[in-house]
Amino acid sequence: MRVRVGINGFGTIGKRVADAVAKQPDMELVGVTKTHPSYEAQRAVTNGYPLFIAGDGARAEFERAGLPVAGMLSDLLGHVDVVVDAAPEKIGRQNASLYRDAKVRAIFQGGEKADVAEVSFSALANFEAARGKRTVRVVSCNTTGLARAAAVLEPRYGVEDWQATLVRRAADPPESGRGPINGILPNFHLPSHHGPDVRTIFPNLPIATTAVIVPTTLMHVHVNRVRLRRPPADAAELVEAFRRTPRFLVFREWERIDGTPQVMEFGRDRGLGHNDVMENVLWENGIAVNGPTVEFFQAIHQESIVVPESIDAIRAMFDLARDGPTSIAITDRALGLPVP
Amino acid sequence: MRVRVGINGFGTIGKRVADAVAKQPDMELVGVTKTHPSYEAQRAVTNGYPLFIAGDGARAEFERAGLPVAGMLSDLLGHVDVVVDAAPEKIGRQNASLYRDAKVRAIFQGGEKADVAEVSFSALANFEAARGKRTVRVVSCNTTGLARAAAVLEPRYGVEDWQATLVRRAADPPESGRGPINGILPNFHLPSHHGPDVRTIFPNLPIATTAVIVPTTLMHVHVNRVRLRRPPADAAELVEAFRRTPRFLVFREWERIDGTPQVMEFGRDRGLGHNDVMENVLWENGIAVNGPTVEFFQAIHQESIVVPESIDAIRAMFDLARDGPTSIAITDRALGLPVP
Amino acid sequence: MRVRVGINGFGTIGKRVADAVAKQPDMELVGVTKTHPSYEAQRAVTNGYPLFIAGDGARAEFERAGLPVAGMLSDLLGHVDVVVDAAPEKIGRQNASLYRDAKVRAIFQGGEKADVAEVSFSALANFEAARGKRTVRVVSCNTTGLARAAAVLEPRYGVEDWQATLVRRAADPPESGRGPINGILPNFHLPSHHGPDVRTIFPNLPIATTAVIVPTTLMHVHVNRVRLRRPPADAAELVEAFRRTPRFLVFREWERIDGTPQVMEFGRDRGLGHNDVMENVLWENGIAVNGPTVEFFQAIHQESIVVPESIDAIRAMFDLARDGPTSIAITDRALGLPVP
Amino acid sequence: MRVRVGINGFGTIGKRVADAVAKQPDMELVGVTKTHPSYEAQRAVTNGYPLFIAGDGARAEFERAGLPVAGMLSDLLGHVDVVVDAAPEKIGRQNASLYRDAKVRAIFQGGEKADVAEVSFSALANFEAARGKRTVRVVSCNTTGLARAAAVLEPRYGVEDWQATLVRRAADPPESGRGPINGILPNFHLPSHHGPDVRTIFPNLPIATTAVIVPTTLMHVHVNRVRLRRPPADAAELVEAFRRTPRFLVFREWERIDGTPQVMEFGRDRGLGHNDVMENVLWENGIAVNGPTVEFFQAIHQESIVVPESIDAIRAMFDLARDGPTSIAITDRALGLPVP
């Protein structure tokens, strides 16, 4: 029997999770919601995803646009085992009581505070923690990127101190109203909230983060400096450790990927849905080991990195896989991601 | 028997044409060339496209990268009926004699001057002109966009005067070295070369163009003002004329596509190769008719718009279709484009 | 006796008009207003401009910041002959009744609709129309740029048809929240409102405009195509006509100004306040004459172009100059602009 | 007697140093050089700076443009005591022998390697080291920013470990040809060269740096994390230490400066030449002290920060001031910078 999944919100995250659910062998996409007609609502219809109305949306609006509607959000909740909340930030928390009242399990995004759910989740790190839970929060794109890297570094080498500067994209590609157009905006929370957010997954990780916002829409870049207890012999060993881990992509120097524009071009050429690059992206020549200290860049595709995590969260909640690696392998094969 | 096609150059245009050739029922992709190892060369290999070396590239370089090489450009030319030149601007002309000496037919890009080939080509406009030719030049992205629009307007309504301002993207997405970052650069050729270039297709079209370069990588936008001899009754009639023509996409107001970022997002959601939008993109609410004068915006995806044109050019050269509309329908169906 | 001037709003426009008033021989800057403490409020204090509180601002806030406050907006209105409204768009109209009740004359910005004032104004075109008026609207930056050009073309050559594409900056430099970051947004009003707005100055001018928004903060660029009744003999004649007119700057080819970034660099090197370029900026090699048709680019510095116009408007309202050219010469000399 | 100064190169750095020299009581600007006519060459003439020809420039070119020329670079070298080399990167080293042969002292920019001169220089840190020297290298903008901060932190608190991420602007404002337009480019030198470059000033400073390039033209931002031996009691103490040091500007929270666009707007409002902000720019709410660890952002205006340093270097070389603080005070008063 397949787990029946609904997606509340069909924007940047929601449309990707919907596509991902539709590809899983053990899940069924029951429907998605949209507040107003739009090209994204049209896409749901074209894809054959039953379309429900959320928020203050009105059925007449959809009808005028010629978009067939399957019902309201409440109707969708009546037919699913779990809902993935992909509403805009802060709305997820408001939606929580709807889900509770409808007695459906729920996955929340990392834009919500940690106490919105029983557990915060990142598949490589704490798959078991979500097993059987009724509410799970998949941590944000930046936190997912850091947690995945921690899942490589912490058990193997022991993290003594981790400093990360997060160079953040200012807007997603279709968000045409957001700036800045020309400038850098520091995040005046020192350290930033991302460090504590990683500790919702790795409670004792000695990580401190700072962040700036820059005028790009493509990806975040993390500049990491980590002191390790039992450091690798050399960069090659570390490269190998990353390469053997699912959801890591380590470019070679001869591939001539000079930054995030070319990473995204790689994604367009590879041709997974929406040109996504769901892996942590590293560069062989962007990893250095100096004694106990490791430095590395990683680029994070903010739109897609949490998508496979959401799928694994569902599998953990419904006990569909015997362990994390098994779930990850099923997810990644279904999504077309390389399986190391 | 399939026409055997080689692609010389596997960058922005070359990789798209290669993918398109590989999807056609009446063509065979024999191989592609690359000068140096790169993620794009790796992609050719992954896709199963035989990889040949062009320019000053050395076999040892590819071997060090672990990329299997099928031979040199001269080897490729020995096994094809036609080569699509997708080398950087101005190099195409240099390559012309290689192709001639190898007795293979050739398609050139619009970055070369018109006299590089026997005829300049745009499928909606002059399919027949390329029939049986040995060399054809597919006009540039901007010229293709204008020629397609002319193919709608000129026969139906008679163009009396056409003014177009081309608001051009400054770089393609992976060209990380090109600017400007913050500013507008006028093209001081007044009028710009695009008008005369359209007349390589429509010899008497009274079109004058001007151009500015702006800091974006996504698409060009054409601002058109056309005075017609026999104007349409209203904008709705004109919308319908565009909609009934292949390779036109006319967004509705309720789709809420506010500019090129969301057009590209539509492309990512639609999921043709590389997220391409190969159509001329118009907006219902961006088309106005005032007496004899029509104004309309069209957005042009500079990376992909010439791809289906190149396919049709091959079909014309080798007499593979009885007419343009037939070829266009075969091409577009193979590429996943809507067929009106 | 000097005209006593107050500035309501000390942002992009207000701070520039304040500086300009302070430099005029026949005006006195009585004070400026700000809603909240900020670096701009600090600048007013540093410059010795008495600072008044507008909107919902609270005196305590300013005191905590150590910024001395001279009173509320109502106090300022009690001591001025005229107020220049430099509040955000749409607020000017709300303020109009305050000014009327305080019996002070008022100048409004072009962001307000034309009926906010008795007359719309552009100094080169209709100085006399503002003479003795109690309320005047200085038209917007784009309209000012077009009206100035019309003041050169219409009387000399007779405009038969004028098409302009406005390539607009998306945000002012300090507006760090506005996008788009990477994309072009058409203005779906076809034609755009700028044409009718020019006709508030030149009632019968046959001008039609369209507009797109692009990701830059520096300047707008207008792409103009004008058919004239009595065209100039050649481009050189037209260049000379622009050069002999105040508030036009025509770059020579050897100056190597390739676009708006270098125009702004010129402004920084020249060193008028805020690095402003208050003139219409043209290029010799960006002006072409083909029979009756003239094509030219002009760049418009949206932050400063209306500043000298506001000064002239005051002079017209209070009958301080015998004619427009006299006022313009006084204004421009005081501002450091070249006087032809 | 004034030191006679020539400036070789009148671009981003050269024009600023020229203006600064012209304002000093103990220096005389003998002339500047330019290779070709341009708006910058015109500016030199307008400013009354004798214009000499460098590089492959030809006198006829300048004459055609109507720009009076005072001679060739060799002529200029015959009349100066010191030349400030402001040629493009790598050209300075080539010029060194010209200067040596002409027996003039020389100042080089930080784009040259350290061994181009006897000493590398930053006024707050090692003024005495340049005393009487014949060749001095003023370190680059980023290194100057770090060295100034080190001059505050190291003597007072003892630096135990300093990690800095340099978020670098991709181009200067008038460099319209440079990208990227939309993306982040990591610098794959790990650590970057800036750390060792700071050690040309502070030989034992335990600083490690990494860098990324982002699509902005305005300023660099440094994200610093420093562990101190004798940390300050709190952030307020550190704020005070920065504020009491020349060439530091620490914004208050109520000034509402949210990033580099508004820092530059502050510069435009303040009105020093070219709108420059020659200080290290910090924010009160961007400085945090956690036990022994200090975190702070600083923004660096790449175009101007080395200008006052170059002036102090001249003063040190010619023994014109009894110590660094004296020279700095003279320089900064002449430039209009605040003197703490």
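Chains here go by letter, A, B, C and D, matching the order in which they are written, and residues are numbered from 1 within each.
We adopt the following convention: a residue touches a chain if its C-beta (ideal position, glycine included) is under 8 Å from a C-beta of that chain, and two chains touch if they have at least 3 such contacts.
Since the structure is predicted, the reported quantities are computational estimates derived from the model, not experimental observations.
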Joint neighbours of chain D and chain C, given as chain labels: A, B
Between the pairs A-C and A-D, the one where more C-beta pairs touch: A-D
Mean-CA-position distance for chain D and chain A (Å): 42
Computed distance of Cα centres, chain B from chain A, in Å: 35
Whole-Å gap between the CA centroids of chain A and chain C: 47
Two or more partner chains touched - positions in chain D: 173, 175-176, 180-183, 185, 215-217, 258-259, 261, 264
Chain A residues within the chain D interface of the complex: 163, 165, 167, 180, 182-186, 188, 190-191, 208, 210, 212-219, 221, 223, 225, 258-261, 264, 283, 285-288, 295-297, 299
Residues of chain C that touch chain A when the two form their complex: 170-171, 173, 175-183, 185, 215-217
Chain A contact footprint on chain B (complex, rising order): 15, 36-40, 42-43, 61, 64-65, 173-176, 181-182, 217, 251-252, 254-259, 261-262, 264-266, 268-271, 273-275
